[in-house]
Amino acid sequence: MSEFETINPATIKQALQQLQSHSPLIHCMTNDVVQSFTANVLLALGCSPAMVIEPEEAEQFAAIASGLLINVGTLTTDRRHAMRLAVKSANNAGKPWVLDPVAAGGLIFRTQFCHELLTLKPTAIRGNASEIMALAGINQGGRGVDSTNTSYDALSAAQSLAQSANTIVAISGEVDYVTDGIRTVAVTGGHPLMTRVVGTGCALSAVVAAYCTLSGDLLLNVASACASMKQAGKTATQKSKGTGSFIPEFLDALYLSNQ
Amino acid sequence: MSEFETINPATIKQALQQLQSHSPLIHCMTNDVVQSFTANVLLALGCSPAMVIEPEEAEQFAAIASGLLINVGTLTTDRRHAMRLAVKSANNAGKPWVLDPVAAGGLIFRTQFCHELLTLKPTAIRGNASEIMALAGINQGGRGVDSTNTSYDALSAAQSLAQSANTIVAISGEVDYVTDGIRTVAVTGGHPLMTRVVGTGCALSAVVAAYCTLSGDLLLNVASACASMKQAGKTATQKSKGTGSFIPEFLDALYLSNQ
Amino acid sequence: MSEFETINPATIKQALQQLQSHSPLIHCMTNDVVQSFTANVLLALGCSPAMVIEPEEAEQFAAIASGLLINVGTLTTDRRHAMRLAVKSANNAGKPWVLDPVAAGGLIFRTQFCHELLTLKPTAIRGNASEIMALAGINQGGRGVDSTNTSYDALSAAQSLAQSANTIVAISGEVDYVTDGIRTVAVTGGHPLMTRVVGTGCALSAVVAAYCTLSGDLLLNVASACASMKQAGKTATQKSKGTGSFIPEFLDALYLSNQ
C-alpha cells in the first residue's frame, strides 16, 4: 500500500470549512431517481444546489453556477442535448464540471455519450469500478448500476484514463481511489450499507463537483469529498437500524460535520 | 371467505429468501414521483433497481434485466414509446413484466395505453380497485390516484380480467386479492397509514415484478410480495408517530425482514 | 408593524379543519426535485396530490382537480406546453391555480414564461423575495433558488404585483408576507433550518393551492397555509438533530396537526 497517499483529518476538515465558507452553487444535471437526495446532501453540507435542464437555461446557468454535475443515469436525447450545451458553457466560463458515468459500459447510448463527454475535458470523473473500466475502454459487461469489480481492480484503468483525459478519476468502493494518473490517494472508511441506499454515489459526484470549486490541491479536494461522505456514512450506519433510518442519519451527519 | 386461499408465513418467508438469494435486477419505468422510494424499497429487500427510460436503452435493458415494471403514473408520449419497446423486448427475452395502471379510468391518454399494454400480455397487474375495474372495462369515474371502491368491489372484475388477459391481477386495499381468474388469494394485514405515504402502491408493483422472477407458483409469489409489504407496513406503523417517520421505519422493516 | 394584519390561531385551525374535511385533489405540475416531498406534504395534511404532466392529460385533469399548482423549477419546452393547457383548463373550469416562479429573474426562459402566466391570472403566487421582485419587474440578479433579499425588501413589489395582476402574493422568508395589494398579513414563526431542506418552499406552494380551494377569506386562507407550514417547521426543528431528521419530523408534525 506504500504506493498510495492517504489524506489526513486536518486536510479533510480544512476543505470542508472552505466549502462551508464559499457555499458553491452547484448546477446538477442528474438522473430522475436521486434529484431530491442530491439536493439535500448539498444543502446539508452548506452548498446551494440547482437543477436546471432546459437546453437554453442549462447553457445560461452553467456559466453562472460555481460548478456543474453531469450524471447520465436517466439520460434521454433531450437531456443529452442540454448537457452538451451546459458542458461547453461551463468550459467557456472556466467552471469545473464532473462526470458521473452511471452504468457506462452496459448500455450503448449512454456509453457513447460518456466517451463524447471525455473529449470535453471533465475536471473530475466519479464512478464505480465497472463504470471507470468501461470509460477506459475495458468492457466488463456490468449489469447496470452494480459493480462486480472492486475499486482496486479498476485502479490501473483509472490511472490511464486520468492521464489520457487529463482529469481526476475517483473510483468508489470499499476503498475509494482518487488519482490524477500519477498520484493516487486511497480513502478508507464508509460502510457497505451505503450501497443499499439509492443515490449515495450520485450525491458524492455532486459533492465532488462542489469540492472542485475550491482552491488548493484538486486531487486532495476530490479525495476530501470522498472522505467526508465516507465519514458521514460510517456515522450514520452506527446510528441506523437499517437502510431507512440511514437516510436521515446520513444527512444529519453531513449537516453536523459542517457546524 | 371459504372461496379464498390464504398464504402461510412459511411460504412468504421462502419466497423472501429466494428473492434475497437471487437479487433480481428490476428495470423500473415508473412515474416521476416515486423513483427514489421505489429504488430504496427494492434495495432494502436485496434487489437491484435500475431506471432506464431512453427508448433505445430501455429496449436494450429490458432484455438484460430480470424483470420489468411499467407504471403509467406520469406517462408522456416519449415515455409511452420507450415503454412499448421495453415491453416487447422483455417479451422477446422471456422476462416477466408488471403493469401498474395508475389512475386508469380517469384519464383517457393513459387508459388507452393501458388497454394497449393488456394485449402485450403482462405477467401481472397491480392496482387499486378503481384502476382494476377500469382495465376490466367497468368505469367508476375514479378521480385519480384514489380508489373510492374497496378491493372486494373489484374482485369479479379482477377475475374476469385475469382470465381474459391470461395474467395475475393483484388488487390493493384493506385486503389485497391476488387472482389468476380461477384461484384467488386474500392477503390481510397492513395499515391505512400506508395510503397516506406516496409510493407504497407503486413500490409494491416493483416488488411484484421482482417476485415474478422467482421460480415456483406465480400466484403465491405475487401474493407473497403483497404480504411482505403489508407486514412491513404494519411494523412501521406501530413504530411511527405519523407519515414522516413511517418512511424510514418502513424501509427498515423491509431491510430487517431480509436479514 | 401596525400596517400589517396578523392571523390568529383560531383562524389557522379552522382553515386546517376545513382542508381536512374537503380533502382537495391538487394537480401538481412541479419540478423534478420535489415531487415526492410535495406529495407527502399534501398527504400528511389530508389532501390528495396527483402529478399529471402529459399535455392532453394535464388539460383534462386540471378541470377535474380541485386546484392546480404550476412550479417552473425544472421547466422544459414540453412542460411549458402542458402547463399552458392546464392553466387555461383550470380557468375555464373555475378552479384556482397557484404560480411558484422558482428562480424567476435569473433565467430568461422561465422568467418569460412566468410573465406570460401572469396574464392568465393566477389565484395566488408564492415565492421568495428575489422571485417576487423579478415578477414585479425589479431584477435583483438572484443567483437562482436562493434569495439574497429579505421578504420585507420585496413587500412593496409584492403589493404592486398583487394589484396589477389581481392576485394574492405570498413572499416567504423569516416573516412571510401575504398581500392582495391592499391588505397585508405578516406570518411569523418557522426556522432557518427549513431553508436547508429541499422543497419546503415548493411544497408550501402546493399547500397554498390546496387552501385556495377553501371557502372564506382567500387572503387569510393563503396566510393560514403559510402559518401551518411555519408551525410544523418550528415543531420539527425542535425535534431534529439536523436536516435529515427534520424531514420525517416535519411530515409527522403536519400529519399530527391534522388529527
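In order of appearance the chains are A, B and C, and numbering begins at 1 in each one.
Keep in mind that, in the parts below, a residue touches a chain if its C-beta (ideal position, glycine included) is under 8 Å from a C-beta of that chain, and two chains touch if they have at least 3 such contacts.
Here's who's who by UniProt: A, B, C = Hydroxyethylthiazole kinase.
Values in this document were obtained by computation on a predicted structure and should not be read as measured data.
Graph shape for the chains shown, where an edge means the two chains touch. Line, ring, star, complete, or other?
complete
Copies chain A, chain B: same or different interface, half of numbers shared as the threshold?
different
Rotation angle for the CA superposition of chain B on chain C, to the nearest 5°?
To map chain B onto chain C, rotate by about 120 degrees.
Where the CA atoms of chain A average out and where those of chain B average out, how many Å apart are those spots?
Inter-chain centre distance comes to 33 Å.
Counting only residues that touch at least two other chains, what does the list for chain B look like?
In chain B, residues 32, 35-36, 247-248 touch at least two other chains, as defined above.
Which residues of chain B touch chain C in their complex?
31-37, 73-77, 103, 106-110, 143-146, 196-199, 240-245, 247-248
Which bits of chain A are touching chain C when the two form their complex?
So the residues of chain A touching chain C come out as 25, 32, 35-36, 39-40, 43-44, 48-54, 56-57, 60-61, 64-65, 78, 247-256.
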